[in-house]
Each structure stands twice: as structure tokens, then as C-alpha cells.
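Quick one: structure below, then a few questions.
Chain lettering (A, B, C, D and E) follows the sequence in which the chains are written, and residue indices restart at 1 in each chain.
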Amino acid sequence: MDLATIIGIISGIILFMWAIFMGGTLMAFIDIPSAMIVFGGTIAATLVNYPFSKFTSLMKIIRIVFTEKPIDAGDVIRTIISLAETARREGLLALEDAAYQLKDDFMQKGILLIVDGTDPELVKNIMETELAFLEERHSEGQGMLETMGALAPAFGLIGTIIGLINMLKNLDNPDLIGPGMAVALVTTFYGSLVANLFFIPMAGKLKVRSREEILIKEVMIEGMLSIQAGENPRIIEEKLKAFLAPASRKYVNSNKDIESGEDIA
Amino acid sequence: MDLATIIGIISGIILFMWAIFMGGTLMAFIDIPSAMIVFGGTIAATLVNYPFSKFTSLMKIIRIVFTEKPIDAGDVIRTIISLAETARREGLLALEDAAYQLKDDFMQKGILLIVDGTDPELVKNIMETELAFLEERHSEGQGMLETMGALAPAFGLIGTIIGLINMLKNLDNPDLIGPGMAVALVTTFYGSLVANLFFIPMAGKLKVRSREEILIKEVMIEGMLSIQAGENPRIIEEKLKAFLAPASRKYVNSNKDIESGEDIA
Amino acid sequence: MDLATIIGIISGIILFMWAIFMGGTLMAFIDIPSAMIVFGGTIAATLVNYPFSKFTSLMKIIRIVFTEKPIDAGDVIRTIISLAETARREGLLALEDAAYQLKDDFMQKGILLIVDGTDPELVKNIMETELAFLEERHSEGQGMLETMGALAPAFGLIGTIIGLINMLKNLDNPDLIGPGMAVALVTTFYGSLVANLFFIPMAGKLKVRSREEILIKEVMIEGMLSIQAGENPRIIEEKLKAFLAPASRKYVNSNKDIESGEDIA
Amino acid sequence: MDLATIIGIISGIILFMWAIFMGGTLMAFIDIPSAMIVFGGTIAATLVNYPFSKFTSLMKIIRIVFTEKPIDAGDVIRTIISLAETARREGLLALEDAAYQLKDDFMQKGILLIVDGTDPELVKNIMETELAFLEERHSEGQGMLETMGALAPAFGLIGTIIGLINMLKNLDNPDLIGPGMAVALVTTFYGSLVANLFFIPMAGKLKVRSREEILIKEVMIEGMLSIQAGENPRIIEEKLKAFLAPASRKYVNSNKDIESGEDIA
Amino acid sequence: MDLATIIGIISGIILFMWAIFMGGTLMAFIDIPSAMIVFGGTIAATLVNYPFSKFTSLMKIIRIVFTEKPIDAGDVIRTIISLAETARREGLLALEDAAYQLKDDFMQKGILLIVDGTDPELVKNIMETELAFLEERHSEGQGMLETMGALAPAFGLIGTIIGLINMLKNLDNPDLIGPGMAVALVTTFYGSLVANLFFIPMAGKLKVRSREEILIKEVMIEGMLSIQAGENPRIIEEKLKAFLAPASRKYVNSNKDIESGEDIA
């Protein structure tokens, strides 16, 4: 549950409803045809831009923005150190049982490759290829939301121009100019608001989440290769902690003292 | 047949025709001189920007956006594994017959180079050069559509300024100001709509298709080099699956169980 | 204390208050609902864009813009040369005491790794990983301020459109058009001013400070690796001074003559 | 003679003259002071931006956009294969005569370096340095046209603001407002039109031409290094054809059958 | 003395004064408060963005735009060839005297390192580090001018919004609307003009000058390493001329014939 996303969206919606009520009525801002121009146009252009298979994954992508709980880097490091200790005491083959208890598919795959006696270069190759394509898939999701964030204001503007042309063509009654322009501006309002409150910041959240996940997976790769190389667990810890912010490092230490490496999770 | 492109464009056109009918008449939005300024100007500037040989390939590029059916990565991986098994059983020379049955020119060329006993470094060099220039040719097609997507709104604006100047010069009858501005705005409408519904999303679709094709070809190169190196088919499968999304990987497995590597296609 | 930031912000605020007083009253520019739309909208969208943990570090990031005092590169170089001399005279183990007197955590960690007899490749690896992630954390802070610098004018514009729609819907009294538009424009004023006087330049200051800190840490890594390699202090000085602007180099020399390398700080 | 550039520019000019005649008189769009503001301002700022030596090469750069005839890659490949055959039959020294008959300076220089017995690494180094700086000089030409394409609309806007200020200061006669604004808008029209019909697409054409030339020179470098290494002409052909689009490759083959490698050009 | 900068700025100022006189009076464009908003705001935000040490170097940076005389690449190449000949005839130690006569500090430092018998890898390392940081310092200067070029129009717009709000709040006398808007627009005029005639093109000139200086220094590094490696002066000339445009190369040759390498400058 990503509380920041939910609080941001709910507080943003309340804020703009309040802002509208302050100076007018909500009805002036609800216009079904305007909504159809902005959202319909954005969806139509997004379909031109992306294949169905990507477009239908949009809901799944948006769900990540609301729900993704980041993996704790400290947990990962402690797990790796614990695995390294097992490997040094009992050999690499002893990691097989531990591997099946790992919750993370990426790490499980890596450890099983090591247990199989795969060449270290090949393990590195496979894990880094997987990470590179994970990164690319993530950036496609961001790209779709960024595209929608650029299209929505554009279709908002197109809707306003349609409204202006219609209004200007029928300029018989000057009293209708004001309300006509008001309606025309509603599409610009819709397009700018969904882009700046939803699409663009959601793409940003995906990017932050993606970077966190990639950092964790880089720690995993570095750790697994060190385990395969039979490095000293203390050296491994030193190497992996360099990936973290100084604040997070202390957390790794303190927990380790308490739980003494028993948490293979 | 790229259904998403076709549905996107048709639904976009219907949407904007409906939006126009809602508030006015279609006639207010049909203006031949405006269309000529926007489309003529965009085509003229595109001719300044690109040589004829590139410009005439525009129709071919746009056709890709409507028709391209992506190659299935799972099929490619199964084909490579099947070739790898043949190579291990009967030697690299046995791949010649299989090569002539391959539908993909890129893979056929690679396998034939291998059968010819070409040095692995040279095979890699040739295939990667070909891929690099394929990527550059693709990005030129995208570039042309992106250029047109930037030019169309610019000429829309220029058309509106021409309309405004003409209107302002002849301000005798104030009743004509409104309709005059309406006509002037039609060019901006044309330019923004074609850019945001056609040119820019089409460039985006080309980019997605190009990335898919390049990914497939990277899988092919990696696979063919592994075949040449005489690697174990199981290891090759493991390596190639790292290129795919986890969901696509399962599909590779399930099909393999059913079809057991007979589909050299 | 970063005087430039403080003088810039205070003089900017005085300037715009004076500019407002010149042509009108301050009251015309103070509007609580407008402020809530711009700042509330910016904060809501920033929460959608960043997780809580990053958002709450915003205050800490802004504090850096006001307080960060850069480390002097000359001091660092003199310290490294002094350590190099100690290492050559008394061996690498003799650096342990000096290490505990170093104020900089990064350098202390590196020297202790060297004293522990860590492999030079691993020392380099650990220090560079740490530097790379420091750089990434810095760029996240800048990114947040840049995001806010892009969101604030966008929400300013959205607020102005809300104001315009409300005004145009109620066009009964033409005398209210002017003041209504004035109020609508206040949100654009707020959004543009905070973006251009605060958010964007603060992101810029963070970037400058980050580059300075990274340069210093690159000097430290280069210096520590040279110490571990047992290089001649004179060569080390020559190498490290290449990182500095010619003006700063003379400063290193002149101070060194006076203080003759005693300042392990 | 680059027909696309010439047709694009002439058709663009005719189009906009026609568009102007449709709705008004050409006189409304001819205004010497407006032209001076836009073109004079653009030239003045370009002089601030570029040294005289670069600025005076502008005419030469623009001439390339109109005249450059691209070298045919097929010809280059056939020439290289023919040279490779000579080298294999008669030795590298036999290339000296052929070199003096080459029309291309770049290739001539490379072949002469090879004939001189220069170290292959050094040949590669020299040719690639030359190519890198050719690329940089090309991108400077593009950069100047892009800069002018950004400056022209900016000075168009500045001219319009000057016109608006002058008009608003002298608002005695409301009948003059319209014509005054019309004149003010002419600078925006000039700036947008020259940027979008001339400067920006010309920079684009230069980029396309530059990429073509660099591709040809990359083929040349690859080919010359292969000749020096004494590679098989058939392998060289295979390697070089990887640089081309599949369509161009067939052309290389068909011509080769007819002309059988006699065209050292 | 950079004549292009001076002619560009003077002709630009004369042009815009003439343009203003054509259609109105200069007085309409001189407004001290407007100037203070634009320039004061830009300076305040620049102080927030850059530390004092960088900001105070602004005048020095601007002086470069007016005065920098580029070093001639031909002179540098001739000097290097002359040094190479000396080194081959009399040994590397004989370069010490010549080094002290070199006007260029960068080259002097490199030659002295060579004379000292420094390891070639270390010479390369030191010279390239110095070049990398020179490039970064240059790009900081450009960055400051580009930042000011982005801030000035932004504060111009903010000033116009302040003027509009003040005017709209006091709409008692419709006769004052025109002059009020005229004054409000003056800040936009100031901001756009200084950005497009001064700040942005000056940043561009700095970039051109920086590239020239870096190219020269790359030639120097390549040349000095070749001298140290004891390469043949003719080969060195061939290598270094690859850095130059073909036109400049002939100039190197022709001068060399006349002056026969005596100009160690």
C-alpha cells in the first residue's frame, strides 16, 4: 500500500473540489462531452502509440503505483550474508534448501544456478540480462504514463479550440460569449489536471519504485557472485553496504546484532 | 494487422466528429485552404528536411504502423533450441537444411555463416553491425514522423496568424470578427489534431515495434553464437529466457512440453 | 551558511514586494485560496510522485541549500599528502591512528580498508560504488525540487483556468470582469514565482554542491589508491592537483609551504 | 542538386503566397521594419553566438543543403572489393596506382597509409580521429541552423511585443487597433515561417546528409582495415553489406555481376 | 578581441532602438521598475542557484565572450613537430629548455612531466584529468549564462502578470487599460531581449570557444604522448592533422615549408 500516492490523489481531488466551490458551482466544471474529448482522445492516441498487449497492462502498471511495497535492502543483505556463511561452512550445494525458501524469484534463480555449478561468468551474464530487460519493461510502463501526460493537455487544448470555433461562428448573442468560453476552457482544465495530478506524477512514482527495485537486484547480483567466489561474509557485507545510504547501513548492523543472521527470508 | 492502431485512429476520428456535431456544424471545421496550409506546409518542410528517397518511404513506414505483426519470442527460442539440439547430435553442417527452412532472413544469414565455418568473432561482428544499422534505419522512420508531428502544429499556428492579420487589416465590420477568428483557428485545430492523433503516436508505435524487433534479433544473435560455441541446449534456453518477461517464459516452457521442439519455423 | 542562497531569496522577496507596492497594493496579491491551489496541488502531486520517505527528506534537502559549507579541496589534498608521507615513512599500518582523527567518514572508511590490507581492486570497487550511490541520492533530491518547479506553474495555470471559468459563467456584471481576472491571475503569479525564485534555482544549487562534493570524493579515492600503491607523495600531489582549477592549485602550494603538511584534519 | 530541398522551399513559398492572396493582400504581409527586426535580430544574436569564421561558413553550409549528392554505398563497396582482389593478387604495394585514381580523398589517404606500411592500429586511429572530427564539424553546421531556428521565432515575438507596446501607448483612435495589431503580428509570422520552413528543416537535412556520409566513411574504414589484414574479398563483401539496408544490398550484387569489379572509381 | 560578439551586440542594440523609434518613442520602453523586476529577479535567482564564488566569476566569464583569441591549431602542431624533432635528435632531456619557452601552461606542464621521466600512463592520466576538469569548469560558465537566459524571460512574464493584476484591480478608467498593458508588457520585452540577444548567444559562444580550446588540448596530449613514445615526426604530423578540418591542414603544410619548424612558440 503506497500511502503517499493515495493521500496525494485524495487530497488533490478534495483540494480542487474545494477550490471550485469557493468561487462557483461544481456544475460549471462537469461537462460530459469535454471529458469525452480529453479522455477519449488520450485513449485513442495511446492505442495508436502502444500495442494492445502494452495498453491492457496499463491497469496493472497503475496498480503498482498504489500498492508496491519496496523490499528492504537490509533484509536482502542479511539474507545474502547468512547464505554466504552457510556456503562457507557447508559448501555451495548446501544452498539448495535455502534457495527454495527464498521469497524472491530473482535471487532463487541465481542461487539455483550457482548450486548447479554454472560458470560464474554465465551466472553474471544471465542475471544482468534479466535485470536489463526488467529495467526496459519498467521504463515502458513509465513511458506510457508520460505519453498520456503529454497527450491529455494537448487534447484539452484541441477541445478548447473546437469550443472556441463553435462559439465564434455563432456570435449572434454576445451574452453567450462568456458561458461559451467557460465551456471551451473546461477541456483545458481536465487535460491539465489529469496530466499534472495523475499521469506525470504516477510515471514519476514508477520511476522511483523501479530504481529501488533495480538497486536491490544489483545488490543481489553482487552478493550472489561474491558467494559463488567464496568470499568472506564480512567483506561481502562491507561491499554490499556501499550500495546503501549511510542511514540504512546502521539499520543493517543493528538488526544483525539482534537477529544474528537467522532471517533467511 | 495492428488492431490497436486502427481502433485508435477510427475511434479518435469518430470522437472528434461527434464532439464537433455536439456544439456546432461539421462545416465550420472543413476549410480547404486551412488544410492546404497545414498539410502543404508540413509536406514542404519535410521535403526540405529529408531526401526524396526517405520521404517516399513514408508510406511504407506508415504501413508498418498498421500491419506489423510481431514475431513471437517464444517461437524464436524454441527454434534456436531445436537447432542447438540438431547441431549437438549431427554437427554444425547439419544446420544447412534447417537454415533454408527458416522464414527469418536475419537468422538464416547467421546460421549459413556458421555452417560456412566463419570465425565466431566475425559472425558476431556481422550480425551486430546489421542490427545496429537496422536500429538506425528504424529510428530514421520514427524521426520523420516526429518531425512532422512538430511541424504540423507550427504550420497550424502560422496559418492562424495569417488569418488573424487578414482579419485585423479589414476590421470594417465588427460582425465579421468572430467568424474570421473561427476560420483562423481551424488551422491550429488541424495542426494539433494530426500531430497528437496521428504523427506523434505513430512515431511512438514505430518505436515500440522497433524495440520488439531488436529484442528478438538480440535473442537470435545470442542463440546463434551459443549454437556455434556448442553450448548445452538447456543452458541456451536458460540464457535466452533471461531476455523475456517472466510471463512470456512460462509460455515458452508450456509450448515446449506439448510440441517438443519440432517447430523449426 | 550559504550566504548566496539567503541573500538571493531575501533580496528576491523584497524586490517583488517593492514591485507590487509600486503599482498597486499588496492585498491584491494575497489570496489564501490561490495559495492553497498552487501549494496544495504541488504538494499533492509531489506525494503521488515520491514515496513518503523521500518526501519527508525534502526539508533536509532544502536545509543543504541554505547551510552546506563545501570542503576545501586544498585541505583534502594536503591531508592525503601528509598521510602518504606517513605511509612511506612508517608503513600502511601507521595510518590507523591518523584515520581515526579524520573528520570525513568517507576518507576514514577508505583508509581503514587500506589499513586492514584489503585488496586494492576491492577498495576501489567499494569506494566507487559508494560514490555512485551518493551521486544518485543527490540527484533524487534535485529531481524532487525540479519536479516541484515544473508542477507549481502547472497548478498556477490550472488555478487561473478555474478562476476564468467561474468568472465567465457569471458574466452578469461587466464591472467584475477585471477584478475577477486579477484574482484568477494570482495563482499563475504564485506558481511562476515560487518555481523561478525557489524550486528551480534551489535544485540548481543542490547540483553545484553535489558536483563539488563528488569532485572532492574523487580526489580522495584517487589519493587513497595512490597511498595504498605506495606512490611518491610528490607524484600524488601532481596527480591530485590536476583535479583543481589552476587558481586553487596555487593555494595548495602556498599553504603547504607555510604549514608543511602538519594539518591532518 | 538536392531536388527535395528545392521543391520543398519553392512549393512552400508558393503555398504561403497563395494562402495570403486567398484571404487578403500580399501587401499586408510585407513590412520592411518587421523583416529587419526578425532577420537583423537573428543575425546579430548568431554573431554573438558564433565566431566570424563559423558564421561566414553559413553560406557554404546552406549550399550543401541544396547541392550535396550522396556517394553511393554500392559503388564504395565494389571499389573496396576490387582493391581487395588487387591486394590479394599483387600485394598491398600494388594499391598505390589504384589509390591515385580514387576520387574520394578520405579513402585515398587511407589506402596510401596502408601502402606506406603504416601499423594497422595507427591507420585505424588516424581514420577514426578524422571521422570523429568530421562529425563534429558537421554538427556545428547543424547547430548554427538550429540556433537560428530558435532565435527567429523569439525575435518575431519580441517584434510583436514592441508593436503591441507602441500601439497600446497611443490608443486614441480605436479604429487603428486592428491594423496596429496586424502589423505587430507580421514579425511573429516572419519568425515562425523562416524557422519552420527554412532553418529547422535545413538543419535536419544537414543531419541526414551527415549521417549518410559518416556511414559511407565507416564502410570505407572497415573495408580498408580488412584489405590491410589480407581478408578474403568475399568475406569483406559480407561484412560491408551488413552496413546497408537489405534493398541496397541486392543492388550491390546485381551491379557486381554486370560490371565484375572493374569500376575502381 | 572577439569582433563577432561586439558587432553582434552593438548592431543588435542599434537595430532594436531603430525599431522602437520607427513606431513610437524610446520613452515607452524605458521603465526603471520593469528593469529592476527582470534584472533584479534574474540576479536573485542566480544567487540562489550558484555559490558566490561562481557568481562573482560571471564578469570574468563574460569577458571571455568578448576577448578570447583562439590558439591556432597549426601553430600547436608545428610546435609539437619541432619538439619531436629535437627529442629524436638530442633525447627527451633536451626538451627542458624548449619547455620553459612554451607560452601554453598546459603543454609546458606536460613536457616537463615527460622530461622528468614520468611514466607515460601517468602523464596521460594527469593531462586527461586536467582536461576533463577544464571542460567541466567551462560548462559551468555556460550553465550560468543558460540559467540566466531561462530566468530572464520567466521574470519578464512574472513582471507582466504583476502589471496585469494591478491594472485589472483598478479598472475604473477604461482609457488607462491600453497604457497599463503597455507598461506591463515592457518586462516581457526586457526579459526576452536580454535572453535572446545576450545570455543565450553568449552561452553559445562560450561553448564554441570551449570546444576549440579542448580540441587544441587534445591535439597537445596526443602530440606529447607521441613525443614521449619517440614516434617519427612525420607520423606525428599525420596523426595530429586528422584532428583538423581539411582546409586547416593545408595551412599547416604551407607554413611549415616557409618557416621550417623554427617557431617554437
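List of remarks:
Definition applied: a contact is a pair of C-beta atoms (placed from the backbone, for glycine too) under 8 Å apart; a residue touches a chain by one contact, two chains touch by 3 or more.
Note that this is a predicted model, so its numbers are computed, not measured.
Under the touch definition stated at the top, chain C and chain D share these contacting partners: E. Separation between the centroids of chain C and chain E, computed from CA atoms only, is 25 Å.
Averaged Cα coordinates give chain B a centre that lies 41 Å from the centre of chain E. Touching of two or more other chains is recorded for no residue of chain A. Each chain touches its neighbours in a single ring, whose members, counted from chain B through chain D onward, are B, D, E, C, A.
Chain C meets chain E in the complex at residues 2-5, 7-9, 11-12, 15-16, 18-20, 22-25, 28-29, 65, 70, 175, 177-179, 181-182, 185-186, 188-189, 192-193, 195-198, 200-202, 204-205, 208-209, 211, 215, 235, 238-239, 242-246.
In the complex of the two chains, the chain D residues touching chain E come out as 33, 36-37, 40-41, 43-52, 54-55, 105, 113, 118, 122, 125-127, 129-130, 133, 136-137, 140, 147, 151, 154-155, 157-159, 161-171.
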